[in-house]
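Next up, some structures in structure tokens.
Below, chain A partners chain B and then partners chain C, in two separate complexes.
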Partner chain A sequence: MAAPMSGVGNPGVKSSSFNSTSFQKKTRSKLLSIPGTRPSVQNGQLLVSTGVTSLDFLLGGGLAVGAVLLIEEDRYDSYSRMILKYFLAEGVVCQHELFLASAQDSPDDILKELPSPIMDDVAIPKPMEQPRLSSDPQDSLEAMKIAWRYQNLPKVQSTLTSSSRFGHYYDVSKTMEAEIQQAAKCHRFYLPDHPNQTAPTHSPMLESYSALLKSLQEVIQKEGFEVAASSSKSRNILRIGLHSLGSSLWGDDLCCCDNPKHAHALTTFLYGLRALLRSSLAVAVVTVPSHLIQNRALMGRIAKLCDTAIALESFKGSEMETNPLYKDYHGLLHVRQVPHLNCLASQFPDHRDLAFKLKRKQFSIERLHLPPDLSETVSRVSRVELPGAASTASVCGLSTSANKHLDF
Partner chain B sequence: MLLELLQGGDSGGFLLIQDTANYSGRHLLKSFINAALRRDEEVHVFCFETSEEELKEGFQEVQRLHIHNAYEDPLGWTKKAVFTVQQFSLNDLTRVIKLTPHQKTPIVVIDSLSWVLRHVCTTAVCSTLHQLKKGGFVRAIIGLLHADMHQKGTVGSVRHLSTSLITVTPSIMGDNCQAKITKRTKSGKVLQDEHTFSIKEDLTVMLLKSSNTAPQQMVQEEHEIDPTANLTFNLRLSDKEREAKEKLSLPFMFSKEKKKAILHSGANLGRILYEPDANDDFDQEDPDDDLDV
Partner chain C sequence: MFTELNSILNTSPDKITQGELIVISERRCDASFLIHHFLSFYLRARCKVCFLGLVQSFSHYSAVSQRLGVSLVQAKEKGQLVFLEGLQESIAHLIPHEGKAGSDALNFIRDPTRGLQSLFELVRDSCGGPAAALGPEEEWGAPVLLVDDLSVLLSLGVSVGAVLDFSHYCRATVCSQLQGNVVTLVHCEEEEDDADDEGAEQLLRGLTHQCTLTLQVQGLPTGYCRDIHGQMEVCWTRRQPDGQQRLKKLFQYKVYDKGASFFARGTSSAVL
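Up next is the complex of A and B:
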């Protein structure tokens, strides 16, 4: 039976009061215990929630502190922006500090749109797979007459969740109340406020990226986020959100030309960002409009320079919108890269064909199921013609000619 | 949706008309200007590709139409240029617009952006458009872009900035035109639509047929065939028979209390319930006492 695995051996996390056992692991005092983080079960790395519980599960429990998450934007930048907002909202709820940089919209506008947390989930986290000891046993036992022994087993879940709760749920239809949002400390970087200083540097980075990196460095040093800093006050995490890097509004012609002049600007910036993050208690989420970048090799380089990379592909406006296979979902999610920090192999998710759906109270990422073909007119051939991600392994055999199907 | 855009509902938007060599989007651009003039709006047109006379023909009321002629000397070769391509930056544009006094915030029309993009780098153009959009100084920006003149990345970057995008292509029959419209609302929603239209002599748009965005269900749902009909034996239950069936008690169907007890005992994992047997000796001292030796 699935038992809740919540804070066993984790005295730092607040949910330890909901343990089912009283067993507490003895830990050395050197382990940093910061609210809103927990050590990973795989390699003991300190993890932070991204705000989307399904994404946390996909990334192996959460985002590692000191790592960079790259999100390749969808065509109209609706869902990647949503994930960025979830990330910042999670920071507000966990009382982390925020740093938001944007060239397109003012950071204040983005902060005003943060989704509001669902408060009763925040107060009493219920472990997901606890058997439903419902208050009215009549109803629950009446529900199954013959198979009553299976009454309390959980239904098969296609959403990716783990057994222990980490992270909060947000209601997208409401925006976060102003008091909660202003209680969080947020550093802003809006590019039009920083006019170009024409300092003749020989670095391959653009002035906009240099200014951003310098600003980040100042914040990290001044507010004491470096790991090596003296821990006179309680430590906290800095959540960095960088919106739409590489777009033409940052002065970068990466998205405009096939052979950009500033081919190395963004890659140099990401290198500097990662170096900065490795020595500080910070997490960064970077969104890049990859659908505009024509040079795929460059996109590969950018993904390699970040620790985790996911790509969102929304169905809006493409022919996949009318495909009945995809009617329940809003888009596909591709995991391009998963980090291996301090270990040899990375924890790649088992399922590769993932689709996401933005519901009101949850951004759910599910495994794409092929629905059963119940109609008699559909032949086996037509399933092969469907686009790549959802096809089964029979594609390689049947892709040559459409008429080749084996009929017994 | 085309008619709504023509009425010009939202302010602070950047409308982009994208055309190709197959069908020119200039007629649609002129109908947008016409609709704005009909609404008594101030319109500033920066024309790079057509002469002033050619642009003015077809409009009835022209006193609110201000044309900045960049067609004659766009690169400033003579010293008497009215407007050059190099002046396409935020400061120069606002200065030129402010020269003519007007009551309402004006609408800026650029004909065409392709010309500007060939002489000024894309990042500068994008940032100018963005600042113009955000500045609150102009009410709306309408631009014309020839998609086949630029690289895909350039077209994509300008499209990314736009709040509404109209792609015009020639329609299959006649000399009508097909327009695909994508509109991004302020709340972040994306709406799409497709229209077939033609433009009349007086520059008004006439919609011929518009296809819905919701796709028609191609597969008709078959009527559910009732499997219990047309059989030689009876598969249905009458009410009495149903009652009797439910009253029947099957094996392994326990009473509610026993079910509850069995179900809920699984919750306490690891609890060992020990009832000492007769042979089990409770006496801890001599464990071999029960051996019969």
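Up next is the complex of A and C:
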């Protein structure tokens, strides 16, 4: 199952201390309420935010718990890495646990680069006390002389947004402060730390993938993320980020050869990952350098074994960067696959031609709009080319080509 | 169970044809709604169903079948449904622990060269079951084997020949010997002339040669459309006993929350 509909009893609704009213809806349903998740509108499945609100909207509200998101990397792995960092940063803010695996950069380096969440200006109500009888000297300093109408309004302070909100915004120009990042529990898997244990096996899976799968299972079982685990403590979500699977650093030759020897290593691993996730409260984001994989059919099979699949195509370094049509965007985003878990029909996004732009405070994904063609040179060029046709038209008399460029 | 599909295929839960091998092929799209249809259809027809659910969890099939009006949990308790949950059973093989061996049926995961013999033995034991297995319980109808999906076995490293052998053994046992039906789903990627996906293409060709009915599902050739999810070509490969020569039919379909509707090309409700 991707997400449990009825599970462990409600661990107690966390009431926000800043409620303006005391009315709280009585939830009689047995849905698991974990901070940072919400049930889907379509089929009640538990959803988790990816950290990018426009991507959440595209995927139908968020990532389903128990599902895998595959990101086909762009050429220089810049934007796919950015989305992975958004995903992990969202986990830190929502107080989920993280699991990060990488073969190239140390997980600690990636964690240091997480974007900083944008602080919310939250109003803190002043505690209602008895009216002051004598004015203290401190009060006279705080008493407003000019904007005295605002004297009694609650003070405003910048705090980290409460984790009860779904989807946060991040400032890419700043990195997350160390104390916030270290408050999150993160399990790391750095491939060079796990030397090859050569056990004779006929399994098509490589040792690196086997070690990763084993480490994942240990974390899931020890920390109690299995759905069936009956623990009295409150449940939490495990966010798994797997960076650049299938690249040569994992020992896989998918990206190097046309007919790879280990053609089934990554697919077997993804099957095992799906098996683990379906029975636990975890979400995984996997990035794969698909532009290096020559075999399109194999890439299709890899996408089929993941639930959601998107591909990023950045304009950096290609001729599209200088193309005036694409000047508002950083790249194109293709939605390869949208899952339909626990239901018959999937909710495809309405439009398939999407482009993304990484702004400082937002990663926006929108429908590709071509800018209006306002250049004056268009008609001028065509007029220069016309004289030959115009002269023949007068000779033939019935040629219609001269009428194409009616100029008033 | 989709009533429109039943009328297309000329079947109903009271009157099912026996000894059929039905192959559902999907080309770069998702035809699992047909598997859900056949599952609920055969359960309603009171057949004994053996379901190899290799790609999704049991609760997924159960949730969808609930919407189609059939309860898988009840069917399992009554003994009508034998469900192999591939994902759950495979963990023990993929992450070997000492002392904890998974069920034998999936031991090809550990060593794909061994072939699918144990999987076939599971099928034979659950479908076969002579009267001795039933005992005082109710009599179920003809056995049916449903496989979702056969091409994931190729992704796990099993060779095409082994999968074709497995399907041949299943057909010989279930279709010929026990007069039951077999429904399988095969997923292909690129178009036929591409050399990239040889394995799945070979498998599809081998299965189409043996089958009695194929349902080929693919996306629209003109691209993505919100109101028409794709087209389905129904192809009977054996001549009908009543002499009718209806060999091929083409439909377009749209999948809803609780079913799917099939219509002739150009008659989509969005267009008319």
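Simple rule for what comes next: the second predicted complex is superposed on the first by the 300 of 408 C-alpha atoms of A that agree within 3 Å, B and C clash if a C-alpha of one lies under 4 Å from a C-alpha of the other, contacts with A are read in each partner's own complex, and residues count from 1 in each chain.
Note that in this section a contact is a pair of C-beta atoms (placed from the backbone, for glycine too) under 8 Å apart; a residue touches a chain by one contact, two chains touch by 3 or more.
Fair warning: this is a prediction, and the values are worked out from it, not measured in the lab.
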>> According to the stated criteria, A:35 is in contact with first (chain B), second (chain C), both, or neither; which is it?
In response: neither
> Of the partners chain B and chain C, which touch A:247 in the superposed model: first, second, both, neither?
Replying inline: first
>> Under the stated touch criterion, which partner chain does A:224 make contact with: chain B (first), chain C (second), both, or neither?
In response: neither
> With the two structures laid over each other on chain A, which partner does A:301 touch: chain B (first), chain C (second), both, or neither?
Replying inline: second
>> For A:291, using the defined touch cut-off, is the partner it touches chain B, chain C, both, or neither? Pick first, second, both or neither.
In response: first
>> Going by the contact rule set out at the top, does A:76 touch chain B (first), chain C (second), both, or neither?
In response: first
> Touch check for A:204: first (chain B), second (chain C), both, or neither?
Replying inline: second
> Do chain B and chain C land on any of the same chain A residues, and which?
Replying inline: 1
> For chain C, which residues count as touching chain A in their complex?
Replying inline: 28, 30, 33, 36, 56-60, 63-64, 67-68, 87-88, 90-91, 94-95, 109-113, 151-152, 155-157, 187, 189-190, 194, 196-197, 200, 223-224, 226, 255-260
> Quick one: in the complex, what on chain B touches chain A?
Replying inline: 121-123, 126-127, 130-131, 151-154, 156-157, 160-161, 182, 184, 188-190, 192, 215, 219, 222, 250, 253, 256, 259-260, 262-264, 266-267, 269
> Where on chain A does chain C make contact in their complex?
Replying inline: 1-2, 201-205, 210, 213-214, 217, 264, 267-268, 271-272, 274-276, 278-279, 295-298, 300-301, 304-305, 340-346, 348, 350, 352
>> Applying the document's contact rule, which stretches of chain A touch chain B when the two form their complex?
In response: 1, 3, 76-78, 81, 104, 131, 133, 137-138, 141, 145-146, 148-149, 151-152, 192, 247-249, 251-253, 255-258, 289, 291-294, 316-317, 321-322, 375
